[in-house]
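Here it is: the structure, laid out below.
First chain written, first letter: the chains are A, B, C and D, and each begins at residue 1.
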């Protein structure tokens, strides 16, 4: 299978999952009371959850592209691992809605929402690891000219994903708001680190040359 | 017509139908009672239906790709058969929601839901057969170099689809839960069989060479 | 502008509009009474509207492809006419829902629904004419080697669209059900005529050669 | 990163955001009273908001294409700026729904809706400026042969976006309806100016040659 069609399908799922997030904002705000202005000003958890999840899916999209630049071909096992990975990306709008709606609710519901969110992201990170490890183990599906340093760098940078999200989820047992802030910091740190600091710069320069 | 644009359209429908499935989970869970945690823990039929349908659409996508690698051109009849096939794929989210919501309801409703699901998949399998048979009959739309063995293999592997799903639907008359498990086993078996066992391996090696 | 990106955007809108149609079925059936089986068996207007609109969007997609094979470049006016055309295609799910829900309601509501549906399709046909006439007038955006006979054939085949749909809409003033059947016959006739009868066969053979 | 995949993802978000707009019309009309005809005839704010937002997203799509024709490569910072830009495009359906529903409501709610709409478009314009300025500053990501006059022209034509939308938003403090009309005039003016008047004509001729 050419990876081209795989990328079209994956980009479709990423784009739809990200764009569907607005339906959550829609469902949460503007119906609650008689005053639209009041609802808009107090509905911060909806905007925050929207921004967080859109950004997270955006990061996944950027990383998926980086990964796919190193992969040349796909076998059926790889396709089905990708389906599992996309299944978990497409799930993200659901815990996003829970968090939008219940982060400002009582403690038990806020906790249930943030824990579900954290588990979803941890599972997504695990699937993404599986996608990459299956393709890169013994260079199974990699391009002939895949750069050894970059390949090792991707493997290394994927490793902390699952434990970090599980850690933030555990924090959610005690303080839902703290775990929400942690999810946001993780995404923000990732964007800043990978786009401003030197190492990724060099990496993307490698890609170009 | 180049098959390229046909694949873009089909991939769009596959990706959207799969990603819309999350709306079902959304509608079912988190509104039922005051306790989000309780709803999340008892809503297993929503997750199960989500995973089953996402996987099923994923399998259809993988198979559609395999089929399209053998097809070179498209005439109008083929396009309209493909529209019918996609119409039935895009229908899948509806019986998925029925199953998510009513599998744990009383017997009559659970039965109606699982039977609708099974009929939808049987009809989808029938359309998929039509797509393939129209294209491959007398090698009408096949590539010049389409491999005779692979073509015969696809035809053979598509044959059991309709009877298997009709069988599982009939089981649903007696036990909705049993038919749900059967749908899951069919999808799981397919993934395992086609990605781990030897035959498909060889087949995909053929594709590459 | 390359027409490639225009086709990607258009195919996205076609695929999403068609796939969103299932949400109408979802909203209409399975909530009305306590018996899912009863709702499923009496909800024929939802299935019929789903099939009709999916098929209609499928026909538009096939025709749009035929048109685009003759067009080489795009200027801004053409892009904005296409945006208007897509705006009217993306509107189709709304009157489809009206028809699904109100075709079996009292006369006044059924009439309002079918008239809205007919006007939407007539407007879509008018936009599609505008797309084609703008591109083909003095061969403004056509390919150098665009076949004069095919170009004239497309122009001729597009002409009856608006009057036919306006006619069926007028019938809806008197009998909503009759106009619904007319919409279905128009779509069915088109599929049969263009894929089975001789003329289009020859045309598609022309495309290939 | 090739800009190809970036365009696929962006086109996906544009197409989905535009097509989701119809769900707003759907939610607003046809449920309010017993007479569908009455709802259809009095629901003008839903149609108007649908047309306005679809057209606005269409304009963004056309402009994004013009911009991307001048850009050759993407680094990670550019990708994340694009994610922010798309996040704000995907947000548009939400204030569209507010405007559809509350433009004909009491003054306070209509004002809240139109102000939210204006701020969303101003933020979108700001992100679009960021996308372009990041890519064009010192010709960072531009094609070798990017035309200096066209590059300067894009920069100049993007400058008024934010102040114009902020101005129309301020008008919404006093008269929501006036600001709605302003949004419509801005979009209409843009389409007419860029597709009919001479300057863009020449520009697109430049693109072709």
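Miscellaneous remarks
Following the convention adopted for this analysis, a residue touches a chain if its C-beta (ideal position, glycine included) is under 8 Å from a C-beta of that chain, and two chains touch if they have at least 3 such contacts.
Just so you know, these numbers come straight off a predicted model, no measurement behind them.
Least step count on the touch graph, subunit B to subunit D: 2. Counting every residue number used by either copy at the subunit A-subunit B contact, under half are found in both chains.
Rotation relating subunit B to subunit C, from a C-alpha superposition: 90°, rounded in steps of 5.
Using mean Cα coordinates as chain centres, the one most removed from subunit B is D.
Centroids built from CA atoms put subunit D at 26 Å from subunit C.
Between subunit A and subunit C, the centres computed from C-alpha atoms are 37 Å apart.
Residue positions 8, 12, 16, 20, 23 of subunit B are each in touch with at least two other chains. The list of touching chain pairs reads A-B, A-D, B-C, C-D.
Taken in their complex, subunit B has these residues touching subunit A: 7-8, 11-12, 14-16, 18-23, 25-26, 29-30, 35-37, 40, 50-51, 54-55, 58-59, 61-62, 65-66, 69, 191, 194-196, 200-201, 204, 207-208.
On the subunit D side of its complex with subunit A, the touching residues are 1, 5, 8-9, 12-13, 16-17, 20, 23, 73, 75-77, 79-80, 83, 86-87, 90-91, 93-94, 97-98, 101-102, 105, 108-109, 111-113, 116.
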